[in-house]
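Two complexes are shown next, each including chain A; its partner changes from chain B in the first to chain C in the second.
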Partner chain A sequence: MAVARGILPSWAPYGAFAGAALLSAVVLLAAGSFTIALTLVFAVLVSCVGLYAWSRAVEGSRRAKDRVVTLAIASAFGLAMIPLLSLIFEVAKRGIPGLSVEFFTDSARGVVNGGGAAHAILGTLIITGVAVLISVPIGLMAAIYLTEYGTGKLRRALTFFVDVMTGIPSIVAGLFAYALFEIFFGPGIRLGVMGSLALSVLMIPIVIRSAEEVLKIVPNHLREAAYALGTPKWKTITKIVLPTAFAGLVTGVMLATARIVGETAPLLVTTGVIDSINTDPFNGRMQNLAVYAYNEYRSPGVMKQASYDRAWAAALTLIAIVMILNVLARFVYRRYRTEIR
Partner chain B sequence: MARVDTTTNAGQLLAAASGGRRRVGDRVFSNTAVIAAVTILALLAGVAIFLFAEGLPAVTASASELPEGKTFIDYVAPLAFGTVLAAALAAIVAVPLAVAAALFLTHIAPPRLALTLGYLVDLLAAIPSIVYGLWGIFVLGPAAVPVMKWLEETLGFIPIFEGPASTTGRTMFVAGLVLAVMILPIVSAVAREVFSQTPRKLQEGALALGATRWEMIRMTVLPFGKSSVISGAMLGLGRALGETMAVTIILSVSGIVTFNLISQANPSTIAANIALDFPESSGLAINALIATGLVLFAITLVTNFAARAVIARQNIE
Partner chain C sequence: MFGAKSETAETPEQTAGSKPLGETATAGSTPSPVSAIGRGAKTIDVSDANLYYGDFHAVEDVTMKIEPNKVTALIGSSGCGKTTFLRSLNRMHELTPGGTVKGEIRLDGEDIYGRGIDPVEVRRLIGMVFQAPNPFPTMSIYDNVAAGLNLNAGRMKKPDKDAIVERSLRGAHLWEEVKDRLDKPGSGLSGGQQQRLCIARAIAVEPEVLLMDEPCSALDPVATLAIEDLIGELKNRFTIAIVTHNMQQAARASDITAFFNLEKSGTPGRLIEIGPTEKIFMKPDEKATEDYVSGRFG
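And now, the complex of A and B:
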């Protein structure tokens, strides 16, 4: 095996890529088929080959291979990030034209073309809120059961079935809520609370998993100290364990909420479509942002573009809600977490 | 775990030894916890029972009573095929990219940069599926039209690229790509987790023997993470199988069975079929859709259990 004779300058990979990109752009321009995507594809291929040849001549075949693989992996990462950048850019670009004061304040009641999405925004908040109210107590108590009380068969069964629950497809959760309510209320039933129930099926396992994680890392010496002072177990949990884990629990709930707030499929089969504001989850159909966006896309009115604008505006609003929840969750965790030594 | 048992016992002993007032509080609290646990099991049993009860009439009904005049098996088979095809396509595209992204974040990018970029990958998982659907039909679909045309012209001899290439982008090819983007963060998160846990002494040993970084990754990181990556891929597959809105919006469906990925005529998926037909269905058609939902649930369950079996086997080793 040849001994390495030298080493490439530290800018070699970047230089190779820039050179290859320039070359590809020039060749493609000359051939008259220039696009940014095509240029990048050729730039990656050409720079891989070029870097390999260069490095092999100077450093030997093993290092040449290392450099090419590194470049390929970095390019693959870049490729994986393109959809995210494109998506955020496009949603912002196409969503902003549809945003207006009317979008947030008006419903679409009695309007043939247009109207706002206030009924959908309100519906999203109510349906998600009820889902959180159902999921958090059940999920939290189940997590406490798993970490503090659980023994034997019930514990094993719960761990196993929470795993099963994480795998339920969202549309199946919607069908379950429909099947349950149909038995009591007859076919064609649509209620806001049905959507909340469907979302709870999706949210509960997420809440349990994240709560279990943070409760597990509360150190045992805190519990032992409390017991040594004669504190009953339930007080130890409510006064020592839960406050210690508080920031982590809140963060977990917020992230779980962010996961379900944009769900469309389960609501499509449970909450129905309506143009006016409904604030009662137990009575009548209830619109929500995700289904609103879907319907504006699927059945646009006479003014097609205006409908599409509203669909994108709803998508932008949803993304904004998800982002705010995510950022807030991280903030809460950083600001309020208990340092455990 | 031994320590947990000790404290539990100590707590129980103390509770038993102390006064009645305390015991009431303890009993109420622990019973509430047990009730929550049982509620969840009941909820899951409810999912299975109600879907079964509502789906059964369609399975036993004769062909003439069902939508499209087919027996239930004939009705669900093409949908199951489309579901598996779309998910498999997504996994084939997403897994190599996700592994590369995980390697990049754990072993190639500078740690501080990797932290920020890691958030970006997680962000992909936070975006609602309806938004992916809109992006797929309005942005990726049109962008993929020339690519699909090129595939038809140059690789048309392979059946999957037979064409005729769609001019709208509403194809299995585009749907598979969007699903791939959606499951990438899931697979990548699992891979990142295990790659970063590769024992340091193995990595440093390889480097000390003169291995280049890639040789070190190939000899220590990849073998160490192999089974976790496989199980992560299957978790992603399970997610892609049940994904609804992106497929519903993007695919133009015709209910046929074909491996042709780039033409206008595509098989539908179970989830997309439910989303498309449910709002306008009534009577036995609803039962048929619920029964297909049960089939979808079964397919995802099998996939998820296979993933867990892989992890369990690795843990024993």
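And now, the complex of A and C:
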């Protein structure tokens, strides 16, 4: 049996897809029901069949199967990217008209129409910052307990509850914070720090989970090397384990922050709505971007379009913050990670 | 471990001088003889040591002596408990979940498992080099050697520290190779150099005993030879116990050889025979020893 067989040109998969897309478009146009989505669906199906037939004729059945599976996986990836890209595109398209210097510098205090979102941006940063300050020490210490100290049933129970906590609906976290503060300050209380607390409830389990995974991959032989030098356990953890895991820990915290920075529901019931800048989380209501966007959209003023623009601009700002956090996380990880063998 | 004892133990005066182990904790313990030249090599006396992992009996009834200024090799087939035994000598065994020790292990007469003895303090006196080189990846070569000092000896003047680092690296025969790149990460060295770095790190804290768990198993023959030469020199300053699978290494590098064996898997390992290396290799008393050192089994 000959080993050498024909082989398709390198552009074959793209060619097959382009041909299939063209064919689908023409057929759908002729049938009068052309849409981009439908064309893509048909293009994937037709190109799978076409590529299989073509490859099988030239290359044999093993390669043909390989090509079809490759195409199917690439299509699945493309499908997963479509909502993400279209979301970013849509938010950018609608958000950019609302962006202005005023948007970043002014609050909405005393203006009937217009005004900026400075109060909301500041509020988001403060509320999230305080939430990080609460969550990181607690989450980190809990993770250290779980990886370095915890044993047996207690450890297993804690891991279980951390897993349960990661699934708590965010509105429940908000109601929890509200209920807690209501006990001390009476009904109707609204404070920035309440929002931070609600966000911490959501953030702590994420920090614990990611930190636990990172601490677990610090090899045990490094701990033993430290012990063999006569190092106490707490120093082994603070001077050897944590520095070795530093990059991963910071990355985990940043991703957890990105996860909570856009939360809306818990902040609706805890921080309230306000038009002016408030930088004191322990005193009075505090606006934030997510709630700001919600409000601009739900109750626009007389100039509806301007309000909608500001809502989109707020959404775009939020996405930008999340992206910046993600990029920073990647940067920190690349810059500070330790090679572990 | 967070107790006042380990706090006081971090003062340089205490780590620098040779203090009896239990003195800060138990008033009634017998003080061990303090050598005139700081820390000297010490004898480890093991009697009826039984080691367990949970319910599993790993090593049974070991009684032996590890002599000062000599190299004691522990040989035997895999799984016979050599490494477990070695780890019990500086209380590393109990770090494994379920690891327990019964019997007595004495360092110059003082039971290291006695009441009021801090395992952290024991490990300061009995250093260890591991099978795979394990320099701290976050630290430079210099900081790796100084790790024991930085972590445990409290504040120290830079020139003093420099001197100890240089002396330790020279002691580990690594100084010439790394003196120009002390600030580079230790993980950038070759395997053999990393292992010598780990030895330098272990001797920098001036222990009394040095335990080595198959220190050459990950190294090529040239690096192995370098480490063996080093062991020959280090025995002038320390008591050395080395676990090895390499019979030639035991024959070349050790003065005393202890042979461990187990009857079949699942049964505890036992010390079969201990004696001068020449005797163990040339005319051992036990048939099992002879079979093992000559490459025959059963």
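The rule is short, and it goes like this: the second predicted complex is superposed on the first by the 274 of 341 C-alpha atoms of A that agree within 3 Å, B and C clash if a C-alpha of one lies under 4 Å from a C-alpha of the other, contacts with A are read in each partner's own complex, and residues count from 1 in each chain.
We take it that a contact is a pair of C-beta atoms (placed from the backbone, for glycine too) under 8 Å apart; a residue touches a chain by one contact, two chains touch by 3 or more.
Just so we're clear, the structure is a prediction, and the values are computed from it rather than from any experiment.
Colleague: What is the contact status of A:Leu84 with respect to chain B (first) and chain C (second): first, second, both, or neither?
Modeller: In the superposition, A:Leu84 contacts chain B only.
Colleague: Looking at the overlay, does A:Glu339 come into contact with chain B only (first), chain C only (second), both, or neither?
Modeller: Only chain C; A:Glu339 stays clear of chain B.
Colleague: Regarding the shared-chain residue A:Leu222, is it in contact with chain B (first), chain C (second), both, or neither?
Modeller: A:Leu222 sits against chain C, while chain B stays out of touch.
Colleague: In the superposed arrangement, does A:Met165 touch chain B (first), chain C (second), both or neither?
Modeller: Only chain B; A:Met165 stays clear of chain C.
Colleague: Touch check for A:Ala290: first (chain B), second (chain C), both, or neither?
Modeller: first
Colleague: Just to be sure I read the superposition right, which of the two partners does A:Thr264 touch: chain B = first, chain C = second, or both, or neither?
Modeller: Touch status of A:Thr264: first partner only.
Colleague: Based on the superposed arrangement, let me know which partner A:Thr244 touches: chain B (first), chain C (second), both, or neither?
Modeller: In the superposition, A:Thr244 touches chain C alone.
Colleague: Classify the contacts of A:Glu148 with the two partner chains as first (chain B alone), second (chain C alone), both, or neither.
Modeller: First partner only.
Colleague: Would you tell me the residues on chain A in contact with chain B in one complex that are also in contact with chain C in the other?
Modeller: 151, 224, 227, 230, 232-236
Colleague: Quick one: in the complex, what on chain B touches chain A?
Modeller: 3-4, 7-8, 10-12, 14-15, 18, 22-23, 25-26, 28-30, 32-41, 43-44, 46-47, 50-51, 53-54, 96-98, 100-101, 103-105, 108-109, 117, 120-121, 123-124, 126-135, 137-140, 143, 181, 184, 188, 212-215, 238, 241-245, 248-249, 271, 274-275, 278-279, 282-283, 286, 289-290, 293-294, 296-297, 300-301, 303-304, 308
Colleague: So in the complex, which bits of chain C are touching chain A?
Modeller: Within the complex, chain C contacts chain A at residues 1-2, 6, 90, 92, 95, 97, 120-125, 127-128, 130, 132, 134, 136-138, 147-148, 150-152, 187, 198, 201-202, 205.
Colleague: If we count contacts the way the header does, which residues on chain A are in touch with chain B in the complex?
Modeller: So the residues of chain A touching chain B come out as 37, 62-63, 65-66, 69-70, 72-74, 76-77, 79-81, 83-84, 86-87, 90-91, 94, 137-142, 144-146, 148-151, 154-155, 157-158, 161-173, 175-176, 178-180, 182-183, 187-188, 201, 204, 208, 220, 223-224, 227, 230, 232-238, 258-259, 261-265, 268-269, 272-273, 290, 293-294, 297-298, 308, 311-312, 315, 318-319, 322-323, 326.
Colleague: In their shared complex, at which residues does chain A touch chain C?
Modeller: 151, 219, 221-222, 224-236, 239-240, 243-244, 246, 338-341
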